[in-house]
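Pasting the structures in now, so scroll down.
Across the two complexes that follow, chain A remains constant while its partner is chain B and subsequently chain C.
Here is the complex of A and B:
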């Protein structure tokens, strides 16, 4: 029982990342009709927002190390600590939560710039060309990050307070010991929060209602005198923000390097297809389901029966779903069903 | 359905596919002889044009050591790669260029071909002939299996399915299949491998295990000649496929699959055969990679490698015969040039500039060269797709039209 619960939890936080990326992919596909292969790169950019903020906050100067008195020793001391003392140290410690403040405006800007600068020229082009141009864009972003931050993974840690593990077993009143890292729980909670936010935006606000109307029938909405294109641009920015937040908050779990975008992209495309192209709920559901499935597949008991299953389970599920139910779990009939 | 009707429909279905390479489109009359369709896919009698084209192509390829001299690219290692990736791209074009199905997993077949070839070197013989035959066959088998499943969907779903299969192959090669693939170290030929066929005719023990063609070691120029011969054969087969009724069918599918289905054709067998053939081409390319350097690693199967062959085909011009080969040569050439450039060579190149400006120019250019070659590749990719979706072949055609148009306007004025 405990083991099962632990695997479910393990799957949920990974699934949270899949769900967030897949949600953004579905949003761009549903609104703009563009298959965006650069979406993984946006996830990676989000992660590097956090890394960049860390680099800025820890800008250091060489100062004399006062704790060593018998010879002249020097150490690197961040400016923030020099100027603000303990407050500065606390700010540096809280870099990942703080990076959210940087990520949101930056990713919105990047998303809108992409849409205006490149993607809007590809609405009328075939899907193959959309895939190709965004694939090229993904390579460019990835290589720029590699040029800027180097090829090695850059470690970044959660705030001190969230570094330990939570004793879930005790909380839920289970008999066994079941501990789980705090940060992963926080990640799960915040991904649920973001997903809820996106759904609330689309379903409860007038703006979101118009966007949904535009997704359903673009021409009619335009005939009503609404500039739907501008709203879709905003939605693209929103999708970029969602992917960016998913990336920035994921950094303490998975050390960011320049190719995590590509790694997650392939998986999240699979998630979108399993959930149903164009279905927001399907993307979220499939994200969590596949995350849980993957974590069960990496159990040693399962691996001893089916060696290697943990490596391919997601792709296997995708193949089965595409062949048996081409429109995905929650996909509407007739949407990209060919 | 009566036969004349079928011909007319087939012609109309293929009419708006790109017509420049199908020779009897240019004739005004409808071919009165119905091309035999169905299981009997006998190609038309080779017209002299095809043989002439192949010979010209062969001359161009075999004289590469001469005409590449001024470009500094006339050394065997690079020319081998031109030929090998040319084969890969020509094969990819049979699927993507003719049928329009965009596969994002073709590197899997390249990797499978490499592994098969190295296993043939280990178990059968160091001779290249069994290795190539084995790899092509095995890649074909894999392509048949993957294609059979993937081709049940089209469009973006097809791309994702092929990508999923390729990623499965890649992940498995790194994890469970380590006994077969030797994981991250890569599979290599050892001195004391069994090599049954070699043992039959003599000793299987060799000092340095290198692939050979009946005693000719596949190193340096010999390796290039072998690749060039394979390239010529591959080119001729691709030419025949493009010109055959089968090729017309494929272009008809690209043009409008629904119409083909309404006319009464079951399109899936045709696309499946195209998929298998292009998978076999990839297997051949993989085998040749192992021939010139008997080592196979899983990184060849990564999906960025699949993206590279897509780029070669797009850059040269999808759907044309020579385009993919030109694309492959250009990309491999620039990869070679650009990744060799470093900071010092750049400083030398910009030495005519004043000091401050030079530092600036070097700092601008340096992310694009050396390690950052992929950045250039990505930018190139984006630019080609935006401005020249038909690739260089379309570019040449545009330039040609511009000149012809220009001449006409001059004569009229």
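Here is the complex of A and C:
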């Protein structure tokens, strides 16, 4: 029982990341009709917003390292700690939560700049060209990040208060010892909050209602005198913010490096296809579903019967869904169906 | 008038044999000389080119950068520049600081990308286009095995960089490939007794293993070593290379009844799996009435930097550490530190030493002709290179030397002081018979550049 609960939790926290990335991806496809292969790079840029903030907060002065006697070595003392002591150290400790404040405006700006500077020229071009140009853009961003931050992973820790594990067993009144990392639980809660926020924005605000109307019938909305293009630009920015937040908050879980976006890109496309191209609910549902499936497929009991299933389960599900229901789990009739 | 006497049959045969032998003598004695003058990339001018094929992009790029720093330093020292580093401490040595065999050392670099095919292509370019007489480097066993097999085909010596799989000098060993770095078997033999001493003999281990040649051989070696000391193996699980998030493989560990987690991972995989295992509270757990422990059999200082605080108290092994106190280590660390402002990694050390060993072998042989250089390296006993007395075993081209058991330091005094040497395990304890891993070295003479 404990093992099953652990795998469900694990699937949910993985699914949270998949759902957030897929949500942004499907927003872009649903509104602008653009297949954005640079979406993984937006996730990575979000992670590097946190890394960048950490670099700024830990700007240091070089001090001679007396412990090394073979040569003249130096160590770094952060200015924040020198100036503010424990308060400075606490600010550095809270870099990941603080990075949210930086990530939101920065990613919004980057998203809007992407859309205005490049993506808009490809609206009416074939999907193959959109894929090529956005994939190229992703590689350029990746290389820029590598040039700036290096190729090695850069560790970032969650605040000390959230570094340990929660005793879920005791919380749920279970007999066995069942622990799960606090930060992963926080990530799961954050992803549910962000997903809820996006749905609330689209469903409960007039702005969101117009966007949804534009997604359903762009021309009619334009005929009503609404500048739907501007709203779609904002939605692209919103998708970038969602991907960026997913990346920034993921940094204590997966040490960020320059190709972290590419690692998630293919997976998130599979999630979108399984959920249904353009279906926001489908993306979220498929994200969590595939996360849980992947987690269970990694159990030794399952792997002993089906070796290697953990590595192919997601793609296997995608194949089955595409064969049996090409429009995806919650996709609209006619989308992706011949 | 001289009367012509008909020669006897015996006389005719004797005469023919003598004449035949006389005609054959020049080719018999000069065949080697001809081959020596016309081997692949035989240096013709006043300089000789070495090829350094390291990961300049990809997950191990920083490790590759450190290897390259070490190579550049080695070239500098070989050419008589700088303070000479280990040229001053190597014993015995024929190196004079005037290049190799009087020829100035130059070098070219390549990018392995930590991919076997890319590494082979890059090495082939160095050999065919740049005319390198020796090439070296790399941070992966898959890459090392691919490169030494190319070396054997073409007949250019390959001095391995960082490669830890038993296969490199086992089933995939090659006459033209040499490994100074230690291997997974040695890690197991060195680490096993220390683990039993520190953690006790009644333990259940759970292995997470990178699913490729190095991971498999390390898992096997550590499993054999710990089981021989009384440990049980609860489970061995293969994880895909570069999995990123290992949480789905870590959660089953929590309910497996295992009280030790052994992470047969390297590079980014090690950083991620270790960090995540610590996040899952494994270091604070009590299982079977014992403290749960994590072990990382192969450590890398650069990766320890990546894992940050998660490495504290974690045991593993290392080929070398800059904090050793022998004169070779001190000389190299001083040179490297003065040049680059940071101490060298074990990857840098092995690459530096390999370059000097190759140069010394060429000096000893008095030629760049690969079969002679190979013979000079085979069975070479040396000291003063940071690992104590070391043997380059002729049977499998594996170096035998002391192995370090290291532990993540609880209170590091600097960003470079992340690991502490827990024990120096003597060479005899990690030496094994050459035939246990099989493989064939192959011939000295090969088709050469025509291959």
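Just so it is clear, the second predicted complex is superposed on the first by the 324 of 338 C-alpha atoms of A that agree within 3 Å, B and C clash if a C-alpha of one lies under 4 Å from a C-alpha of the other, contacts with A are read in each partner's own complex, and residues count from 1 in each chain.
Here is the rule we use: contacts are C-beta pairs under 8 Å (C-beta built on N, C-alpha and C of every residue); 3 or more make two chains touch, one makes a residue touch a chain.
All values reported here derive from a predicted model rather than from experimental measurement.
By the touch criterion defined above, A:236 reaches neither chain B nor chain C.
Looking at the superposed arrangement, the partner reaching more residues of chain A, out of chain B and chain C, is C. Once chain A of one complex is fitted onto chain A of the other, the partner contacts of A:288 are absent, as it touches neither chain B nor chain C. When the shared chain is aligned, no partner comes close enough to touch A:114: not chain B, not chain C.
Once chain A of one complex is fitted onto chain A of the other, the partner contacts of A:181 are limited to chain C, with no touch recorded for chain B. Applying the stated contact rule after C-alpha superposition, one finds that A:311 touches each of chain B and chain C.
Of the two partner chains placed around the shared chain by superposition, neither chain B nor chain C is touched by A:18.
Once chain A of one complex is fitted onto chain A of the other, the partner contacts of A:262 are limited to chain B, with no touch recorded for chain C.
On chain A, the surface touched by chain B in one complex and the surface touched by chain C in the other have residues 146, 151, 311 in common.
Residues 57-62, 235, 237, 240, 242, 244-245, 247-249, 251-252, 254-256, 268, 271-272, 275-276, 279-281, 284-285, 302, 305-309, 322, 330, 333-334, 336-338, 341-343, 413-417 of chain C touch chain A in their complex. The part of chain A that touches chain C in the complex is made up of residues 2-3, 6-7, 9-11, 13-14, 65, 67-68, 70-76, 146, 150-155, 157, 163-165, 176-177, 179-181, 183-184, 252-255, 257, 260, 263, 294-295, 298-300, 303, 310-311. Residues 100, 102, 149, 152-157, 159-161, 163-165, 167-168, 171-172, 174-177, 303-304, 307, 310-311, 314, 367, 371-372, 374-375, 377-382, 385-386, 389 of chain B touch chain A in their complex. The residues of chain A lying in touch with chain B in their complex are 35, 118, 121, 125, 127-129, 131-133, 135-140, 142-144, 146-147, 151, 262, 266, 269-270, 273, 277, 307-308, 311-312, 315-316, 318-319, 322-323, 326, 336, 338.
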